[in-house]
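Okay, so chain A shows up in both of these, paired with chain B first and chain C after.
So, the complex of A and B:
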């Protein structure tokens, strides 16, 4: 093995730290996906594009001279309404339908979003400078941008806030009730239509936060949404719906996998590796599940 | 009835054969149309009939494209030097070499994707419903990303397919050659799909779509038939890809070959637009879609993807049954469905 990463153990530390910090961010997006998948039974292919849109909101603020970190407050507010409008326009018509319909419909939304972002913000790769500097560890052999630490911290903060909100607030309880049994919730006086709209809005808001954080830690481009969708989908199917610690752990695992794949396979195969991992996870899951239904054979 | 069919089919074939001479300025568009119909029809075979909605048939399409071009070059010249920048200028195919190459290339492009479909079929087709859809979506995109990193087939800078031999001076020849090639594949695909529609195989596929567990309980080896169904799709997707590679003349990993954002969605959309699970639905859907696309694209330049996205949403949300489904609802007698007059009256009264 003459890979660089096995020769220099410090690179491993670097990759691990990068991966974990990145993974927390992925977990935040995945939590949004798990929420709307669990409540509305919809797979949202446009998830990644909502993330990128949130990132562009923060980037616009940066261009206007405001520090992009404020995006983590502004972006979710705007994105909540984007999500709400999206629900009212399209999603409410596919909630009770076949899952494939929702996949295709959100795929269409994703294409529209990509192209509109391409018109408005241009096709260049952009990044908002946070100017937080870097932290040097282990005799300057491991560099850690402070923006990554900041983003992981904010993600955790928002995740905790959301969990508390879901547990304590009236809307949170209504959302959880609808997720358990929409019909029963309806009978007991929960306005499920409102709950669905709010859920989709919260999901979009989470995407907005993640996007704002991505705009200062990684890069933005109109067409990079789909990998984020796939990452969150992967995390959700590994962790299961509504299991937050598992979402966090599998998010970090995915971050680690990506950073190591980056070093071992090369950066050009990074996205390819993510998609291949998706295929492997699904196939592994299929063989594991097929053991359970052996009696049918 | 038999006679009517005969007139219809011979009329269509004559139209197909005469089309490049009648509309000689639109030969490339007609070739596209043939390829789109083939893709929609074979997608329908497993998306509509089998109920396995795949976003990943683009995998076989791109594979066929790369294979045809690679074989066509690799048979006579070193492939690695060809794909280096400007390599295609040093080597020139003679006329005989070109046609030999594309013939063998298309053969390989049909066979290898079929084998690939068979090989991965057991693992992938065990997935149900939306997991299958997402998995195949991932496969298609992963293939594009990986192909974009492989040096010998041009990596990120693309792969120029062999140009049409310069010895043939007739300017119409290239367009006609590709048109008739694609038309031949279209006829092949139609005959094949038509044969399947009259066979037991289709009933098995429908049983899998309607209830896979029950089909299995009835003693149908569902996995075997699912894999065969997917292989049928892969065969024609590979052929279509090979033709498109030669027609476009340039292969890019994510924008031409494994173009999940365009071709990959188009084939699903066309089948749904026309009506899933019908023989003529995908053909009508593809034709309509192509006319719409070519007619409108130029007027809304720059906005075409927005229009495409909106179109997807509208079709999927409002017309999930497609055109044929709508017609079937409206004129059920034409589709051989027997209507009980009493029942119909009762329904009218209810309304």
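So, the complex of A and C:
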């Protein structure tokens, strides 16, 4: 236990801002997961690996001399097709089976992706440089990397665009209809097969954006996808499916929680704290649900 | 149909038998070849360093074979290595070690890459009494288990950054310093940490931040914010390549001013290339540098090794390759002194090794660690946009002066 953070108000500000900026990025990944979970009832274990693959696309551009920030445009386009192809190859075979099968399938995809990325991009840890500099507040005592601000800004932008798209476009309406009741949507002429493929593609595209942002804010390595899967799973569990504001808030909440756990419990318990929180929330939800059932009786 | 099945069974058993007889003939010494075995990470998360290790081994095998081989009992033998890919997985590495020893009949082993995998293999080689010379497992715990058949050409992990603390104290006018440290939670990094604790105790220095980084972590912002608030004299970070890259990225972004920054894995992370000027002034521990003045008759000097390696493999040798090449020089020397292929005689010869290689002096302590070679420290220095690693300690080999303190970010261009 370390209470340094309570003695220095500036550390509190720093931790909060770091947490929120990071949380927004997590929320974007989680939103993709919530979307395809809601529509297809699939928990995608490979979510984090799609993120890392998106990051490697931006990194490849960086190596080719293009500014990696363009990755937030190129990466989702490529990743959309990767997602679409994944659906056609694997996911469509498990989409209406039970959850366990789909978890196994996506777990397999995760392993294949890790090895492929390792094979193509090598096992070295890599970073792309954005050279965006730093914003300093309160006489340099609080520093915010501009790359993190940029990534939060882009995440918000894409999230808004997606919400509008879901509300206004034909495909967006079809996706929402399928999420509500796939059979009814099918009867009313929605090509659910197409909707599923598009949903998985959109999810992969969101991962691609997040990955490109991670390449300039954090580090990339073929085997670091899992923590992103776990975080987005948690955010979705807390926020529920198909509720963007809740996803955003619980994303930021998770970011804050992580930062504060880091300061107070120590860095070694940061990820551990996230898992503890997950267990706690699952137990709490069950507890609440069982109470509700009793009430209904 | 029945006949077909019978025929098929006979066919299969014939093949199995032939294979079995072939593999059992792969004994310790085959004709003019001395067969060594190694499980090595060619895929998985250690694959890049695994390949560096393999290249180091291969380079030495080729060189020794070309220059007359190993002379035992008046006859000249050549080295040959059987490799298996351990997929960076300790369990697999231990299985493969068993396979090398029991099926392939290997009697002498070369180490895998990383402390973790060496730890997995060492109990196996120990059980079968197989001498293993390893070049990439530096964890201190390898040398405290009383292993009798394990020999490491590299300096143990706790020595990596001890020198840095001494240097910080020296720069502080001999007075104790305030240390902030962040180490990944793995065998190697925690051993580096133990070394720092020893050095702190010895010099009376105080550790004001002592963070442990989980291995999934790629964000050190909280640690660095604490560093900013507490202003230590020296910041020590060790977390493999990810730790080094994350630290430099966030130190530069958060404009953390510390007078001295000491790290490990800078060259494996290609720090000066990936982060350029942001990594300037970082002090890095290394097992080897091409500018050291050690010599041997096979590779000449470090500089010559660097040149030959580049020619062969197309990239500059990281220290992982150099130490791996040195492992074979040690084996050759031991075989010749034992003048026998008896495993215990070879082991006894290994135990009394005392030699100089291009990589450094080698002499094994009671636990099998190399006690004759000090660690070196280099500092990243930049000229324009080109950054290079310059040896700054120990003074005997220093090509440049240690730059201290690190200028503030506001003064750096």
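Heads up, the rule we're going with is that the second predicted complex is superposed on the first by the 291 of 297 C-alpha atoms of A that agree within 3 Å, B and C clash if a C-alpha of one lies under 4 Å from a C-alpha of the other, contacts with A are read in each partner's own complex, and residues count from 1 in each chain.
One rule holds in what follows: contacts are C-beta pairs under 8 Å (C-beta built on N, C-alpha and C of every residue); 3 or more make two chains touch, one makes a residue touch a chain.
Keep in mind that what you see is a predicted model, and the values were worked out from it rather than measured.
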First (chain B), second (chain C), both or neither: which does A:143 touch? second
Now for A:290: first (chain B), second (chain C), both, or neither, which partner does it touch? first
With the two structures laid over each other on chain A, which partner does A:272 touch: chain B (first), chain C (second), both, or neither? both
Where does A:224 make contact in the superposed view: on chain B (first), on chain C (second), on both, or on neither? second
Look at A:259 in the shared chain and tell me whether it touches chain B only, chain C only, both, or neither; answer first, second, both or neither. second
Under the stated touch criterion, which partner chain does A:125 make contact with: chain B (first), chain C (second), both, or neither? second
Scan A:115 for contacts with chain B and chain C and give back first, second, both or neither. both
Where chain A meets both chain C and chain B, residue numbers: 115, 119, 226, 266, 268, 271-272
In the complex, chain C touches chain A at residues 43-49, 88, 182, 185, 211-214, 216-223, 225-226, 228-230, 240-242, 245-246, 249-250, 253-255, 269-270, 274-276
Mind pulling up the chain B residues that touch chain A in the complex? 53, 123-124, 126-127, 129-131, 133-135, 137-139, 141-142, 145-146, 148-149, 155-156, 213, 216-217, 261, 265, 268, 272, 302-303, 305-306, 308-313, 316-317, 320
Touching chain B in the complex: which residues of chain A? 43, 90, 93-94, 97-101, 103-105, 107-116, 119, 226, 230, 233, 237, 266, 268-269, 271-272, 275-276, 278-279, 282-283, 285-287, 290, 296-297
Which stretch or stretches of chain A touch chain C in the complex? 4, 8, 10-11, 14-15, 18, 22, 115, 118-119, 122-127, 129, 134, 136, 140-141, 143, 145, 147-148, 218-219, 221-224, 226-227, 259, 262-263, 266-268, 270-272
